[in-house]
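In the two complexes that follow, chain A is the common piece, with chain B as its partner first and chain C second.
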Partner chain A sequence: MAEDVFLSDDLLRQLMSVGEVDLLVGMSSHNAANTVSHALDAIEESFQRNFVRQRVVIVHVGGGDKDEDGVVAKGHGNLAETGLRLPGITSLRTSHRVTANVPDPPSRGIALRTILAAADLLRARACAVVSPGVSNLTPDSIASLLRPVYREKFDFAAPLYARNKYQGLLARNLLYPMSRALFGCGIRELFSDEWGFSGRLASLCLNQDVWHEEAIQARPEAWMAVSAISSDFRCCQAFLGEKPQAAKGLGTDIVEVLRQTVGTLFWCLETQQSWWWDCGRSQPAPAFGPDHELTADPTDLDRHRIFEMFRSGVTELEPILSSILDPETHSEIKSIVSREEGKFRFKSDIWVRTLYDFAASYHHAVINRDHLVQALAPLYRGMTYSFLVEHSDSSPADMEAASELLCGEFELQKPYLMERWKAKIEVKS
Partner chain B sequence: MRETILRALREVYGNLVHMIAEFLPRFLVMLIIIVIGLLVAFVLKYILRALLGVTKLDRVSDDAGASRVLRMAHLPPMTELLSRSIFWVTWIGFILVGLSVLGVAGLQEQISRLFQFLPEVFVAMLILFLGAVIANFLSRTALLAAVNAGHPSPKILSWSIRFVVWILAISMTMEELGVARQTVISAFSIIFGASMLGLAIAFGLGGQDLARKCLERYLGDTKKKEDKEPQPL
Partner chain C sequence: MVSETRKESPSLMPQKDNLWYKDAVIYQLHVRTFCDSNADGIGDFAGLTQRLDYLQELGITAIWLLPFYPSPLRDDGYDIADYTSVHGSYGSLEDFKTFLAEAHRRGLRIIIEMVLNHTSDQHPWFKEARSSRDNPRRDWYVWSDTDTRYQGVPIVFVDTETSNWAWDPISKSYYWHRFFSHQPDLNFDNPAVFEAVWEVMKFWLNLGVDGFRLDAVAYLVEREGTLCENLPETHAIIRELRRRLDLAYPGAMLLAEANQWPADVRAYFGDGDEFHAAFHFPLMPRMFMAVKLEDRKPIIEILDQTPEIPDSCQWFIFLRNHDELTLEMVTDVERDYMYDEYAMDRTMRINRGIRRRLAPMMDNDRRRIELLNGLLMSMPGTPIVYYGDEIGMGDNIYLGDRNGVRTPMQWNSALNAGFSLADPERLYAPVISNAVYGYQAVNADSQNRSEHSLLRWMKSLLEVRNAFQVFSRGTIQFLNPSNHRVLAYMRQFGGETVLVVNNLSSSAQAVELDVQRYKGYIPIEMFGRNLFPRFGNVPYLLTLGPYQFYWFQLRRI
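Entry: the complex of A and B
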């Protein structure tokens, strides 16, 4: 099998000694012994509280850090022997820990591939990937990801979070509505640090010849979700509570976030063209727990700076944007840029057409694809500014209604994307 | 006297007729060779285009990123570029062979020199092509990075990089062609050195505040900067 080629002998030996399992939780880390220890405790507790009778394993993918390996190895074997058993709770099965040392530091793609290979070899029925770096990894959140897959037979479980209404605007205004309109399944958190999946989805993804792709190395979770959707696998969402803050996250480095998320989404459009081309109207993915929550804590946002960066960006990047955008879309953007800050609004129809122009230009590779995604940053800032102004006093219900309208706009304009997608191919032939 | 003049004129006329009689067939042969060359070049162009179309070279070129490079340099797609190249190389080859048939004194030597010089011309063209592509790529990279970082003068930065790469590419091209080697190297050193010194002085003396701001931005408290924009995810 393909996984035999890249799995080390040591890892194979460890996996063979485990045998078959029901549940697998995988995580990857690098030089983070403290957070790994916390994550292991949370996973163990989750197993003991929620999956007493199941055969379980934790797969840790690390870069060979001795402290981390020591932490992971400490609990190897029966929980009763290691003193990690929780008072009053009886686990009927042995919990195993497996450590995979990969080149330092492990990329997300390498880590996921190792976890998928382990899941495939151990014939795990339900799996979850968690990140030790997130601040509020709890036993309940891990169980929430595993339960829909193990008990309800879903193949992909994406997380849902409670979050501040001004945060996650890329997901709200681009990733969620665009992926929902094109792939036909409404998954709000396509890019996250934690998600669940079935053994059969693991096998399907493992056998894809995509692991060398940059998009997969950076953010493989969205591709996994899209693979599940395009293979008619069942997808759902599980509410995990407040959105965790990654300990070593990307923060607000918008360019890097765009590269990893929008770049991956465009790459998925490219590779799954046959699916989304014929895909009909979107269906919501079932949610376990509340269908996300919005809070309105005060935030320190510099709207003026965001608007200025949008305005200067669109002006300075005019030659680049003219090669990406349709002339009509470009002239509309230039006309709204000239408006005063107070009167500026980025209307949803222009926003959607802009994104579809970017997607089509990515497909036709009109300029270097990395440059193309970077050129989206000023426009995203414009949309962010418009959103912040429009929804400064909106209630969660109003924002949800606006989000639905935006999703509808994406679906409505899908033929525009298809037309632009096709246009250049006809010219070429 | 009259007889002498007439004899001389007859001799000149005879020589002229003889020369034309010798030259015309050669000229006709040259024209035939050029026309045949044109036909052969056309045939080769269409055969190559068809073959490359069957092998879907453009798709391979798209995948490898070569199409993007060609587009950036305002060149046609790979199949078209190769077909046109084979056409011109073939036809120019036939034209040169045709010219050598004329037997013009010194021309054959010049043609053989031209054939010897051709590889250097190709290498020089390749250097210029790569220079154009690299200048375009690097200047756009700088422009995007500067715009997205909120740099005050992104276009100046972008143009500076484009200028430096172009100067370098042109110098290398001249060096390859052997045109005024010493002059080109000296000119390049002077222009490049003067530009860098000028920029350093302008930035260090003329733009002390800007230099301070830049250093503060890159080395200062990044946490404060992050708080100004909402988390995208």
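Entry: the complex of A and C
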């Protein structure tokens, strides 16, 4: 258990004034005064419209707003007199805002740890983390994350989005089916900027000695979800509407995205082996909110470029791939790389074996783990190209069916992973 | 008429004080409920007179009597059939005069009800008015051939009335009534009505009463296209009453019963030329709300909205009274919350309110009862104690209407709680006899004998309050510490400063108070007279137990 003290006296003093709460919403920001202001208003409005009797607090981890310190400073303390006033709505209780000022941009891990500590100390029953940068943050979406936890007693509420059929391909083809097969819980959005959780999950996660891990610093939400699943806590999904589009230039570096997501997933496999090893068939995660379908809006993804990057990447990384992949898998990959673009298909069984080879090699640390994950990039591009071609005319129902088949393939080949996991593999120095 | 038992600082209390109502502690009672001297099961003035020592020893300084006039008693006496007499069940006019003299002898002032808005339908005025359309008193009431005038005006007694018009089968027309249909509204557009009412008031003033609570004063006048409340014409009537009162009876007080938002009640003070005092209705439910929420927000908000009033005027504040705990001056969200927290059993609800007493609403939690009384005695305004609340009496929600909070006073554990020697079946209402609030457990006699009883505590509370005019006349400044469960404020008057700190929470609290501007002052806790550490340069740390409060007199020595 971590023994270092990381809560500042100022933050502790603020928490003392708040006392026990029913609901806590946390967020972090840096140099984002305008978006913070919008987010605070949305949270306040959500509290007043949906949780008027509950004791509530907003925990903001941030700072660095040199020119607009006023926004952060004003957010400190009680909102009895200065908070958002909605016509026709009366807030029964004092609404609190707590600010943890940090000099440097807080990593997601540090921000989450602070929020979890606040949730633990304030004995919050239901919590949510939101991002000021999310463009579609609304009072309703915040309430959708809190309600399953507060009213239905779930411990983790992952978001669920209405997506375009070409959105979220990493989640659709890798993160979701793999995590579902191995951890046994069908959470589609394991990696997100917003989620809900219970106070008891907050306490569980806070007391784990993982805060120095890079995976936690980068994408702690997946680790929280996996911790909930592996502790047999109740997990669900909450529909939040359309998935906000990432701004151009942000989140589009696939190598970095893979490092953060797949790297975290592989790390979770390492730390939760005792759970997934014996985990049986996956169970669906209950979903709250309206039914929704994929939309079929066209995409501007350049398929040809994706294919070329796949082929060139696999060729360049040949020596590295040979140390990661099982020889049979590697042979299959080399075989499909040589095919013409129009005839190329990355079959599901090969894709799954590829990923399981990577996971097992990560476990055995055959090469530097960071480099290992990065080496997945060209193969992921190949899978993406194949997907785009195969489903260019697919209906949303067809795509869901294909997704289910892929999930089935991951579950089917789990023994393969276990075998590779246990095998003695030579580690190249 | 200052009580000899009252401790006061000579420099603060003038000899003749026309502002006595600002410093008063009022005790509200119905003569019927208090003490029965002739064993007919109904309290009377002779019995009440016998109990004046008890009231004087309690520390109250004025008594507000609910209506005792001849009446069919279909609205507990607010349906008056004769304005210048005493209902036979309560005694005679001579009995009243005796009571008045004895009260004054003990330094207790007397405030009586004056229901101007309406009479009983059994009043001779109405009987004459309805007898024919040509009767000279016809125009003393508000008549119409249809029930469509004054559309949209809210009904007050929503549980029992469906219209503000009632059909009179005798004169074959409708008459206006804002309350029960047997309480026709007087027509103040008729100058004769005003003069008649003034004569009634003079009658009682000449006997020596010290003031009037004017019931339902907001509804005196009707005008088409309005809600028939708070109209300018109503204020004109009040101003004229006040003018005559000041001229002929200086020192007599007019108290307004106007269940409105503070900003609307403000108008009833005028420029110090209308009412001397008015109830602060919206504060009352918010004190209950704050304790349940464990959050000072409701109290702060309503007092922030409370306007300044003329120096000679005063708010009257209270926790409970003879009516339901009204939830008219709250939002729908707040009303629902109050119902859910204090009146889950729908039998506890009536009209838009809760018909329970203080102690049951506090689950008989002594600490919460003390906290609420502490708030009552330390907030700005003249406090009113409802009879029986000083011993923590319970209620009987099964008695119908609001009678559950009007049960006989519990004096001792003997027959009928010492209220009456009549057969129990003959009592006007049964005494409370359950295991928790029954008269065997809760009565004035046993509490007088117990040093640490609620009654003895109330006496000490009033003793401290009465000793410091800062509570009755001082300003209020909220400190708003970051701990929202603590309500802290400064009261200041003249050279006196008092710090009041209240823990609204069921758990112990720490609070840091920003009192640096009072650096160097020594806080002296006012009940034990113990010294606390001097205020310094840093926020002052206090810890409070569950529902605990402090009153500190600040001295600079």
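Going forward, the second predicted complex is superposed on the first by the 396 of 429 C-alpha atoms of A that agree within 3 Å, B and C clash if a C-alpha of one lies under 4 Å from a C-alpha of the other, contacts with A are read in each partner's own complex, and residues count from 1 in each chain.
Assume contacts are C-beta pairs under 8 Å (C-beta built on N, C-alpha and C of every residue); 3 or more make two chains touch, one makes a residue touch a chain.
Source: prediction; values computed, not measured.
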Evaluate whether chain B and chain C can sit on chain A together after superposition, giving fit or clash. fit
Tell me which of chain B and chain C touches more residues of chain A. B
Which partner does A:118 reach: the first (chain B), the second (chain C), both, or neither? neither
After the superposition on chain A, what angle is formed at the C-alpha centre of chain A by the C-alpha centres of chain B and chain C, rounded to the nearest 10 degrees? 140
Which superposed partner A:306 touches (first chain B, second chain C, both, neither): first
With both complexes superposed on chain A, which partner does A:169 reach: first (chain B), second (chain C), both or neither? first
Tell me which partner A:43 touches in the superposition: chain B (first), chain C (second), both or neither. neither
Shortest C-alpha to C-alpha distance from chain B to chain C once the two structures are superposed, in angstrom? 41
For chain B, which residues count as touching chain A in their complex? 58, 62, 65, 67-68, 71-72, 77, 137, 140-141, 143-145, 147-148, 150, 154-155, 226-233
Over in the complex, which chain C residues touch chain A? Could you list them? 289, 293, 295-298, 300-301, 304, 331, 333-334, 337, 480-485, 505, 509-510
Residue set of chain A touching chain B in the complex reads 166-171, 191-192, 250-252, 254-255, 257-258, 261, 299-302, 305-306, 309, 312-313, 316-317, 320, 365-368, 371, 374-375, 377-378, 380-381, 384, 388, 428
Which of the residues in chain A end up touching chain C in this complex? 13-14, 16-17, 19, 52-53, 77-78, 80-81, 89-94, 96
